[in-house]
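Across the two complexes that follow, chain A remains constant while its partner is chain B and subsequently chain C.
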Partner chain A sequence: MADTGTNAETVTLTIDGQDVTVEKGTTILQAAEAMGNRVPHYCYHPGLTAPAQCRLCLVEVEGAPKLQASCVTQASDGQVVHTQSEKALTQRKGVLEFYLANHPLDCPICDQSGECKLQDYVHAEGRKRGRSREPKRVFGRDDFGGDVLFYGDRCVMCTRCVRFMNEIEQNPLLTVVERGNRSVIDTFFDEGLETADFAGNVVDICPVGALVSKDFLHKARAWDLDHTPSICPNCSQGCNIDLHTRDNRVQRLKPRTNLDVNQHWMCDYGRHRYDWMNRGDRVEAPLTRAADESMTRASGWNEALEPLAGRLDELKGAEVRAVASPFASNEEMASLKALVDALGGGQIRYRSPRTDEEIPLPGFPTLVRRRDLAPNVKGAEILGLTRVGDDAAEGGLEDLDDFEGILLVVGDELADQPDDFGSSAGLFIYLGQYPSPATRTAHGILPISTHAEQEGTFTNHGGRVQRFWPGTHPPGAARPGWLVMAALRAHLTGSAVPAGAAEMFEEAARSVPEFQGLGYPHLGTRGAVINEPVKLPGT
Partner chain B sequence: MAVTVKVLRRPAAGKTSYLRSALKGMGLTFKHMVNPNKATHQYPEEPVKLSPRWRGTHVMEVHADGRPKCVACGLCPTVCPANCIRLVGGEDDEGNRYPIVYEIDEFRCIFCGMCQEVCPVEAIHVGQHFENAEFTRERFVYDLDRLMEQDHESTLLWDPSDPRSE
Partner chain C sequence: MAYPYRHEKETPMLSRGFGDPRTRTLEGWKELGGYTALEKALKSSREEVIEEVKASGLRGRGGAGFPTGVKWSFMPKEKKGPHYLCCNADESEPGTFKDRELLRWTPHQVIEGCLIAAYAIQAEHVYIYCRGEFFEATQVLARAVEEAYEAGLIGKNILGTGADIELTVVAGAGAYICGEETALMNSLEGRRGLPRVKPPFPAAVGAFGRPTTINNVETLAAVPHIINRGGAWYRGFGTEKSPGTKLFCVSGHVRRPGNYELPLGFPMMELINDVCGGLRPGRTLKAVIPGGSSVPIMSAEDCETCTLDYEGVVECGSMLGCASVIVMDDTTNIVKQVRRMVDFYAHESCGQCTPCREGTQWLSRILVRIENGKGTEEDLDTLLELGDQMTGTTICVLSDSAAAPVASSIEKFRDDYLALIRRGERVGAA
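And then the complex of A and B:
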C-alpha cells in the first residue's frame, strides 16, 4: 500500500480523455479503477504481486511502441492512456479468444457462473462466437484437499492461487506444473491443502471456476444469493465478511475487504462455521410460566413482558446476577447492563470459549485467528462484564445453585447446566435463541435473534467497533435481545425504548467512555477504534 | 332521429304453416351430414392435431441410460416469469451435476416456453399436449419423475415449415 501521507507526490495523467491525479507509484490499472474505469485483469489482485502474465489488462499509452500491461505500468505525469481504443480492444479480444481455446464453456454446471470474470470479460469485450475447431485439452477435476476442488479445464493460469500460497499464506503448497498449454496448477504429490489454514481464500481470488469450494458445490447459483455485510462471529479478530444468503439461510461466508482488519482474507476456521446460523431448533415465541404453574405457555410479547416486568418490579432490591454471552452485540450487552442497573445493579458475567492456539496469516500478520473464539469479548470487557468458567465456556455458575435473587441469562445456551438450573431463583428469565433443558425452571423464556438476523456492533480484539447488518429473518416472534431488555426496562423505569440498534448504541455511548463519540453513521462499513482511556503518568 | 316502431302483423292462427321453414332447416342439417367440408371434430374419438409450436405441459428429456438431461444450472427458475419451477441441484455418484428436486407447478405456469428457450442442454421442454385433467390439485405439481415420464411431443420453438416466421 502506498503511503497515504499528505506530502505524497502526485502525478496527473489522462485516461480515456479524463484527467486523473494519483499518488506517484500508482499503476495505470489502479488509477483507472480509482476513476471507475475497470480494466479487465486476471493475474493482478490488490493483495498480491502482479506478474503481468495474463496479458488482459493491455492498454494503449501514447508514445509507447506497444500496448502496456496496465497492472505494472506506473502512472507518470502527462501520460495519455486509452483503455478503450480500437487497438486495445482488438488486442484484448484476441487474448480472450486464446483463453477460450481450451475453456470447456461448462457455465451451466460451473459454480462460478454468475460471478466469473471470464464470463464477464467475454460478454463485454470478447468475440460473439468462437472460431476454434481443434479439440480441447481435458484435465478433469482434482481434489486439492481441505475444502478446495480444482477443475483444471476452467483454469486461466493467472496463478493468483499459487502467489497467495507463496506470499500471503507463505506455505507454498500449490505450483504450476508442465509448460505451454499443458500447464496446470497442482499440489505436491499427496500433500494437499489440508495443512493450510487460509486455503479458502484461493477459492475467493480465483477469477474463474477452477477452484471451487466443496462446501458450496452445487448449493446455490451466484445470482440467487443476497449479500449482507457482516462481521465474522467465530473469533475476536472481527474479520469483515459478507453473508451470502438464499431462502433465509446462510449459504456461505465470504471475506469483505477491510484493509485495517483482514485485508481481503479470512481464515478457514471462520469461513466454515456458519451452520449454527441456520439452526432450526429455535425458541419462536415468548414462553412464560406463573409462579404456581409447572408448564410454560406461549404468548404474544405484551402478555409475556407485562407479568415478567411486574415480577421484576416486586423483587426490586433483590440481588441480581446475570449471565451474558460473548456472542451478543455491544447493544445487547449495554441493554442488559442498563436493565441490571435499573434493578439496583448486580454482577454480570459471561463465559467464552478459548483455545491455546493462535493462527496468524504470515503475509498479513495482523490477521490472526484469535484465542477468543467469540466475537465480542472485548466489548464485554469494556462494558464491565466479568469472564467466568473455563476455556470450553463451561462452569463458573456454581454460585447460582442456591441463589434466590433475580437471575437473567442472555444468549448463553447453558449446555453444561443441569435441568434444575436456577430453580431456587426468585425470578429466572432466559433470553436465548435455542431451547435448552437447563431452562426448565425459567419463569420466562424470551426468543431473541442471532447475529445474522439483527443489526448491531461487535468490538474486536483491538477495540475496533464494527457494524453488522441483518442477513436473514428471525424465526417466529424472535426479536433482538437489546430490544427485549429495553422493553423490560421501559416497564420498570418508564424510559423510552430505543427505536433501533443505532439509538441503543448511542445510549450506550453516552455512558461508556470508550464508545463516546462513536455512532452508526461514523462507524460505516469499516468500523472505528474505541477511545483508549488515557492513563496519566503517576496515576 | 325520429324513432319509429314497425309493427309486423302476424298471420292469424291456422291461416299459415311452418312446414316450409321446418323443411328448409332440416334440409340444411342433412346437407351438413353429408358435407365433405364439415368443421365438426369428433373429439375425443378423433385426436386433435396441434400446431408444432403449441406450448402445453412440460417434458423432461432423458439420456439413453434414463438419467434426466437437466444439469441443474438454475437458468429456468431464474427466467421463469411465473416463478413456478423449484430446483435443488446436487451431484450424483459419477460426479455429474443433476437436479435432486425439480418441480414445476403447472397451475402457476403461464406456458411462455422461456424455460425451454433458456435451457442450455435442451432438457426441459414445453409440450404439444393439453389433456391435463386430474382429480386432485396436488397432481398438478409435476416432479422430476413425472416430467421424465411424459411421452408427448415437445414443442418446437419455430415452425419447421416457416423457420423465420415469415
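And then the complex of A and C:
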C-alpha cells in the first residue's frame, strides 16, 4: 500500500510504536493490516461497508477520550495508535465476554469450528473462563433456503450477511428482525435465499458458524481440509477459488480474493458444481487395441505410447482432425496443437456449453456468471481452435463419420456420439478422464487428469491467464494431458518433454504472441492479462 | 389554577399555556402574543437570530445541555443543498413528561420555535418526530400545523418575508432508541432506528444525508421567548452557566408530582419539600434520580445541598439530564427499581453493539437473580465490571445509561443488595 504509483496524498501514523505511511482515507484497521497487525473484527469486511457495531476492533488512539473503532476511524498524520495497550486489551476482552454470554459453545458439532473467528479471538484475547451463569437465550435453527442454514444461537450479529445481500447481491432477502438481545437475522417469512444467485457468499463471510452450507454440513472438519488455490472451472469468468480437499476428494469450493476478477465472491452456480471432480468412473490405465482387436490394458505408459506413436509415424502426412475440450488447460491445448503440428497440421475444434443468460453481481459488476460454461474458451480462441457444435456442446462432429485420417480427441466426453464414432478413422486416439461408449473403436485410450488434479492455467473471458494447482491426486496412471501429448510428440520428433506445466507454458508462450512475456512466476496467484505489460513485483 | 397544580415559586414561560385550552388554537395563541417572535426573526438576519440565542445561553433540554446557538452555528454557512431541522419529540426517557405537555397544550409555541430555528439554519423543511405513543399530542400538533399552514405561517413566503419553510409531523413507532438523534434520522428516513456512527455529525451529514440540526421540543419552545424579549432577559433566569427556566418533571413519592417550570439552579430539596408538597407523612427520603433513568442515582445525603442546574447536579455525582426528578422514599426497594430500569434498557437496546445488546440483558438476569434472593456477593463485582465494559464502548450512550444506575446504586445502596443476598431481606419492599 505504501507505493501505489499514483500521487495520492498519504498520511503517516504510528501503530504500536511502528511508523506506517498509508493513503489518505485508509482506516486504522486497514493501516494496521498493511503492516501485518490484525486487529480483531467481525462486522468489518473489506468488501462491505463498516457499521462499526461489533465493537471488537476498539483500539486506543492517543488524545481520544474513548477507545476508537479502528474500522471506521481514519488514519491521520501524527496519530499514535495502540492496538495492544492494556486499556484496549481489557475492553476487547470485555466485548468478547459479551459474545459468549449467549453463545451455545457447541464447537464440537459446529461446522465452523477450526475456522471460527469467535474461537480464534477468544483464545487470543478472551477471558480464560466466562462468568455468565445465567440461562442462555435460544433461537434454534432456521432454513434460509437455497444452500444456507442458520443457527441463530451462534450468531454474533455482525450483519455481514445482511449487508452482503443489500450492497453486493442487491437483493435484500436477509434482514435483522426485533431489537436488543432478541434481534436475529431472518428472511421475509418463507421467501428465502433460493432465489438468490450469490447467496453462498454469506456462508463464507459469516465469521462464526451461524450461517452454514447444507451441502457441507457435517462433511468434514475445517482442520482436516487442505486448501489448494485454483480457478473455478464452471464458467469463463475464472473466479479465483480454493479447493478444499480431504481424503483425495474435493469437499467444497471457496472463493479466493482477487480484486480484479471476483473480489471476495463467487456465484452459487460455480460453487456447487464440483461433484464431477470426485467422479469415480475414471479411465485409470492406458488401454491399447491388441492385434486381435481387443482392448488391453497396457503394462505402462511406454508400452501404450510406443505402438501409438509408431502408428502416428506410419500415418504421417494423413489428414489430422482433433477435438479438444474447453475444460482443458492452456498447456493441454498448446501441447495438442504442437502434436498436431508435428503430424503436419490439421483442424482442432472444441465444443463448449453455453447458456442464454449472464448473471452479474450488481454490487461488483466485474463478476458475472458468463454465458460460456467452461473455463478456457478464451484460451482455445487464442490458440486458434475452432468452435463447433451447439449450445449444449453437442453436434459439430458429423464430418468425422467417414473421416479416414488421424483422429485425436482430448477431454471431450463424446456423450452425444454413437458407439461407432470414429470407426472409419485410420487412427483414433482418445485422451480422456472418463470412459465413454463412443470410444469403443479407439485404437488407444489414454487416461488424463482433471483440472483439480494438475497444475496449469486457464485464460478467462477477459484474457487473464490464471494458474491453478493440483488439489487431488489423479487416479491410477492418469497424467496431465499436456504431458501425454508431449510424450507422443517426443516419440515422433525427438523433441524434449517439458519438465513441468511451467515449461509447457513457456514453450507455448514462445509461439503464441498473446502469451509472450508471460510465465508462471509472473502470473503468481492473481494472474495477468494478455497483451498488457507485465507488472513485476518491485517495478 | 386549572392545570393540575401551580406553585407560586414557578416562573411560567414555556408552561404559561398549560391547562389553557385557548393556547391550542392559532387564534388563542395569537391573542397571547404568538408568532410575533417569528415575524421579528424573519425580519432580522439569520446571524442575528443565532447571536441572540447564543447570548441567551440556552442549552439543549434533551439531556446533554449543549449550547443551542453554538449547535446552530455548526451548520454550513454556504448552502449547497437542502438543510433540515429535526424537532426531537420522541420523549421516551422514563420519568420525563415535559415535551408531551408542551405539544398537548402549546403546539404553536413549538411550531414557532421550529420555524425560527429553521430560518436560522437555512432549513427548508422541519420534521417534528413525535413519539409513537403520543397519540393525543400528535393529533393536537397536527391540527395546529394545519392551522398554521392555512394562516400562511408555514409554507411558501411566510408572512410575506419570502421565507419558505415546510413542516411535517412524523409519528414514531414506539422505540426509545429513536430519541437518539441519529437513530431518529434513520427512522425518519424509513430505516431501522439504529444510531449512526459519529463522525460524521448531523450538522455535516444528517437526515437524508444532508446537514441537519436536531433540537429538543423544550429547547425550541424557549426560542420564541428569547427572540421576543432578548437573550439578556433570558439570562435573568437561572445561573451563570445554566441560564433560563426549565420544566422539571417530578414523579415518585411526593404529594404533588407534576411539571414545574423553575429557574435552573433551584435547590432540589426545596423542589421536593415545598413545590411538590413534600413526601407522604412519616416517610423519609431515600434516593432521587435527578435526570431521568439514564443518570446515576443520588442518595438522600447527596440531595441535601444539590441545586438543579447542569453543573450543580454534576457536583453531587449525577447529571441533570432532562430534569426528570424521580423521588423515592424509604419504602423503595432499590434493587427492584434498578432491575426495572435495566429491563427497560434491555428491551429498548437496538441490538447493534455487542456490549449493549448482550450486556443489558446480562445485567438484567443477574439483577433478577439477586432480587429472587439467589445472588452472591461476587455478582455485585460482576455487575460493576460488566458496567465498566459497557461504558464508552458503543456507538450511542444507551449502554452507558443502562450501566449508570447499576453502578451508582451498588455504590450508594450496597447494603440493600447485601441484605437481599445475605438474608433474603427486601429492604423497602412494603
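Methods note: the second predicted complex is superposed on the first by the 518 of 539 C-alpha atoms of A that agree within 3 Å, B and C clash if a C-alpha of one lies under 4 Å from a C-alpha of the other, contacts with A are read in each partner's own complex, and residues count from 1 in each chain.
The rule we apply is simple: a contact is a pair of C-beta atoms (placed from the backbone, for glycine too) under 8 Å apart; a residue touches a chain by one contact, two chains touch by 3 or more.
What you see is a predicted model; the values in this text were computed from it and never measured.
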Touched partner set for A:Ala298, first chain B, second chain C, both or neither: neither
Which of chain B and chain C A:Arg141 touches, first, second, both or neither: first
Partner chain(s) touched by A:Val176 [first = chain B, second = chain C, both, neither]: second
Contacts of A:Gln91 with chain B and chain C, given as first, second, both or neither: second
Which superposed partner A:Met157 touches (first chain B, second chain C, both, neither): second
Partner chain(s) touched by A:Val368 [first = chain B, second = chain C, both, neither]: neither
Chain B or chain C, by number of chain A residues touched: C
In the complex with chain C, residue positions of chain A that touch it: 51-56, 58, 65-67, 69, 72, 91, 94-95, 97-99, 101-102, 131-132, 134-135, 137, 156-157, 176, 178-183
Sites on chain B touched by chain A in the complex: 71-75, 78, 89-91, 95, 97, 120-121
Partner chain B, residues of chain A touching it in the complex: 107-109, 113, 141, 217-219, 221, 223-224
Chain A partner contacts - residues on chain C that touch it in the complex: 175, 177, 192, 197, 346-355, 357-362, 365-366, 369, 382, 385-386, 388-389, 392-395
